[in-house]
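Structures follow.
What follows is chain A paired twice: with chain B in the first complex and chain C in the second.
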Partner chain A sequence: MIATTRARRGRWISVAVFLALAVIWQILSMVYTVEAQPGEPMIAGWQILFTKTFLTLSDYWQGGLGVPTVADGAERSYLAALLSVLSHSADTIGRMALGLLLGGAVGLLLGLAVSWSRWTRRLFDWPLQFLRTLPLLAMVPLFQLWFGTYFLGEVLFVAYGIAVIVFAGAVNAVRNVPQIYIDNARSLGASRWTLYRTVILPAIFPAMRSTILLSLGAGWSAVLGAEYLGAQSGLGFIIVYAQQFAYLDRMFFIALLFILYTSISYWAIGRLSARLLAWAPPSQRR
Partner chain B sequence: MNTRVDSRMIELVHVNRSFKRADGQTVKAVQDVSVVVEEGEFVCLVGPSGCGKSTLLQMVAGLLEPSDGGIAVAGKEISGPGRERGMVFQKDSVFPWMRVIDNVEYGLKCRGVAAAQRRDIARTYLARVGLAHVERAWPRELSGGMLKRVAIATVFANGGRVLLLDEPFGALDYVTRRQLQSVLLNLWDEGGSAARRTILFVTHDVDEALALADRILVFHSGRQVDDLAVTAERPRTVDSLLLPDMVAIKRKLLAHLGLEEGSAASRIAASHEAGV
Partner chain C sequence: MSLTARSKTQSDLSGSLFSRLKTMLAALDPFQIAGVILFVAIWQSLTLRLPAIILPTPLGVVERLFADFLSAPALSYYGVSEANLYGNLIYTAENVAVAVIAGSVIGILTGLLSARFGLMRAIVDPIMMTAGTVPILVAAPFLLIWFGVGRASAVCLVVFYVAVILYVFAQRAATNLDPVYEESARTLGATPRQMVRDILVPATVPEILGGLRIALAGAWGLEAIAELLGSQSGVGKVLEALAGATDPQGIMATLLALGLTAIIVDALAALAVSRAASWSASAR
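And then the complex of A and B:
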């Protein structure tokens, strides 16, 4: 009872903070009216962001569904703007999601492989520790030249960014599995394969949960960075074009979308993993 | 007691184990221990902390290799853990990510026993240890004593003929400890004396050893220093501990632990002081 009241109060505080930030932004837009170029305020108020700014996003609609593109001479329209936002978001989110799945799986498997046997340790540990130290964004051009700028290159780049973090987290988490669980499983007759499946994997899950939440941040940076540096679609692609023409309101609008998506991804993965951690004490589920 | 050769369940031959400490010094944890344990015997290993009794048990479990010497169980030299030897640890070993019943089934599942059959076996043993009502609970919802019951049910359900218990009740309160001692004895005796499993039980509690054991092996500084038969009848009561034989054994044990004069411990301590 007390807990739910407290949770409800906490939620109201969050809403209030959110509204306060929006109001402060609006006040700033009215006080600081400098323009980056004629008609492009440095700080765009909400009344501009949700009308003119949103409408201009139809410039990035790449056609299809019977809705003509601005490049082909069509008028800007809210429908084209909406489709534009949705399609570019879908590209970005798709790259992120696939990269997360692929990178998470590969990073986890390699992390487990390091403790599997002496041979796998020799094989994977040193090269991957080396790979981990390479600066992520410096690798973007390489990935794009190798795998292309539309889909594969972006997905693999995100996967790489996530895999190195998940790998390091998994190696560390396996090291911290209490020996007693391993001894217990072995003395009850578990094979190595069974041991990994039924003991190591669940035992590292609480630690991997925070690692995956950490890698989400890197994943979003990676997908944005990759799109920024040469993709032909996605939210990062819009930011590049908006930046070239100093359309600050469009960049801000896309940034808001990003904040929305990253927040949803954190919330969703947090909820999902908390459900899988029903066995753990509450402190590990938050 | 049965002395036929084929009734030997556990046989340790000149077993040694040394460790290298971080400072480079070698510590001899177990030195030249040779022991034969008959099938169905309940043997307690007693000694001051650091005497090597837990190391010895780990070696019989196959979790630790002897530096030298051999260990055979049921006539076969062991290499690594095996399901014929169940182990109950001092610390909580119950998997927190499995429900109680899944923990008890774990060993059976590893062996590929059919789901329905292993559930039956697990339920049987959970009932025997008095935990039938919590089979769907998470381990975090149980007390320390209940977790020990789960661990005991797990090793019994797994059907090993040898059970190794490493100070299993050391961290429990007096009442819980007494309850679990009788739980263990009842399970040990479940099929009558002919079907008894062989138990090695490490403890530092002299009264616990007297209440449980057929035989008490005393260790000191890695060596076996005594082998005492406990002949008092079962079930043993508070009064059993007052029998003259029991008092004599207890006196010997206390002496070995350095709590009375004339003990190995006090002799060794004295020799250390003399600089030998």
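And then the complex of A and C:
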């Protein structure tokens, strides 16, 4: 009872903190009116962000659906701005989601395969450690050279970043499965295959939860990093493009959108994994 | 009593450093070495099928690393101010060091304070949690505009990242500390300063240092991409130049150099952590 009221109080305080930040931003925009270039304030107030800034985002609409692009001489319109925001968001989220699925599946399968016996685990230990210490974000140029700056290159880059983390997490989780579970199943006559399906897979899931949340963060930074360096669409593309002209208000708008998406993804994965883990004893649910 | 025990274990530790190295060598697993050989062999066999412009041979990459390490004149044509890997690695390492130190001071202080003062926690927590879930990379272009192209923007980015991670670790360490320690110290008449110095700091140091290593590991990549986005020198700038020249051998050599630096620094940090927290069971 006390815990719930405290949690509710905490939630109200965080809402108040975010509101306060928004108000401070607005006050700053009124006090500090320096312009990055004529007509482009360094700090854009909310009334500008949701009208003029939003409208200018129609510049990034790439055409289609009967809505003409600004590049073709059409007027900026709210419809084009909305379509532009939606299409670029869809690109970013699509790359992220595909990379997450691909990288997660490959990483998990490889991790389970390597954990098949103690010998394979020792064999793959050092190369795995090495791949993990290679700084992921510094590898963007390599992936772009290999797979291009289009969809495939970015998806594979995200998938690689996630696969390495999931792979290492899976190997570690299988190693930490209590030996007694395995012995117990073995003595009841389980084959290696049955053992994997019915004992090891469920047993590593609690430990994999933090790995999944970790890889989510790595995936978002990977997709952003790849879009900063040469993608032709997506939220990161808009940010870097706007940065070249010092359109700070557009950058801020897109950054807010990005914050919204990442927060939703964390919340959703957190809720989903908590529900899938409802069976686990609370000490394992971290 | 506890003091003598502590100094004894410390002298044991330094005295046995050499013999520990020996036992580590003896414990080297032949399978791990076989794994590395297998890894290189697979890479080598892939190069037989792929053109060198896609995948250079492992030997070529290592040779390139040694060749470029002290002098790589080609880099100066692409506007890298120091035409070798060594100088750029130093530049990057300096930035990472400054950022990790500054970020950890901020993160540890706010983390420890927030664990003890409810109001501060209520205010700082939502900000730090949002900053922690959103990849900090989204701030990079803003920093480039505010601070210009140079050290400051890259360092600032890494400071943010390190501060958020250490905030979480410091706060968790202080929150999970069994209150019985602080209560008994208070019963024995400890002043608030003594409480911080003799209870809070020693008890939380092992966990915080573990967080420091995690933050350090991520800092290299973030620093590199900040340099890729805009810088005059550093490993990121080298990577940008080599990518412009479509030189995968050079890119892989540079990545190898950066990865090896990260491994060495992490090993040094692990050693420092085990020395600094040698009395703690969790740090071993």
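FYI, the second predicted complex is superposed on the first by the 261 of 286 C-alpha atoms of A that agree within 3 Å, B and C clash if a C-alpha of one lies under 4 Å from a C-alpha of the other, contacts with A are read in each partner's own complex, and residues count from 1 in each chain.
The working rule: a residue touches a chain if its C-beta (ideal position, glycine included) is under 8 Å from a C-beta of that chain, and two chains touch if they have at least 3 such contacts.
All of these numbers come straight from a predicted model, not from anything done at the bench.
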Clash-or-fit label for the pair chain B, chain C on chain A: fit
Angle at chain A between chain B and chain C, C-alpha centres, nearest 10 degrees: 80
Chain B versus chain C as contact partner of A:Trp279, first or second or both or neither: first
Which of chain B and chain C A:Thr133 touches, first, second, both or neither: second
Touching partner for A:Phe205 - first (chain B), second (chain C), both, neither: first
Touch count on chain A, higher of chain B and chain C: C
First, second, both or neither for A:Trp193, with chain B first and chain C second: neither
Which superposed partner A:Tyr181 touches (first chain B, second chain C, both, neither): first
Distance in angstrom between the closest Cα atoms of chain C and chain B, superposition on A: 12
Residues of chain A that lie at the interface with chain B and also at the interface with chain C: none
Chain A residues within the chain C interface of the complex: 10, 13-14, 17-18, 21, 36, 119, 122-127, 130, 133-142, 144-146, 217, 220-221, 224-225, 228-229, 239-240, 243, 246, 248, 251-252, 255, 258-259, 262-263, 266
Residue ranges of chain A in contact with chain B within the complex: 180-181, 183-191, 194, 198-199, 202-203, 205, 278-281
Residues on chain C engaged by chain A in the complex (per definition of touch): 29, 31-36, 38-39, 54, 122-123, 125-127, 130, 133-142, 144-145, 217, 220-222, 224-225, 228-229, 235-236, 239-240, 242-243, 246, 248, 251-252, 255, 258-259, 262-263, 266
Chain A contact footprint on chain B (complex, rising order): 61-63, 80-83, 85-87, 89, 91-93, 95-99, 106-107, 110-111, 138-140, 154-155, 158
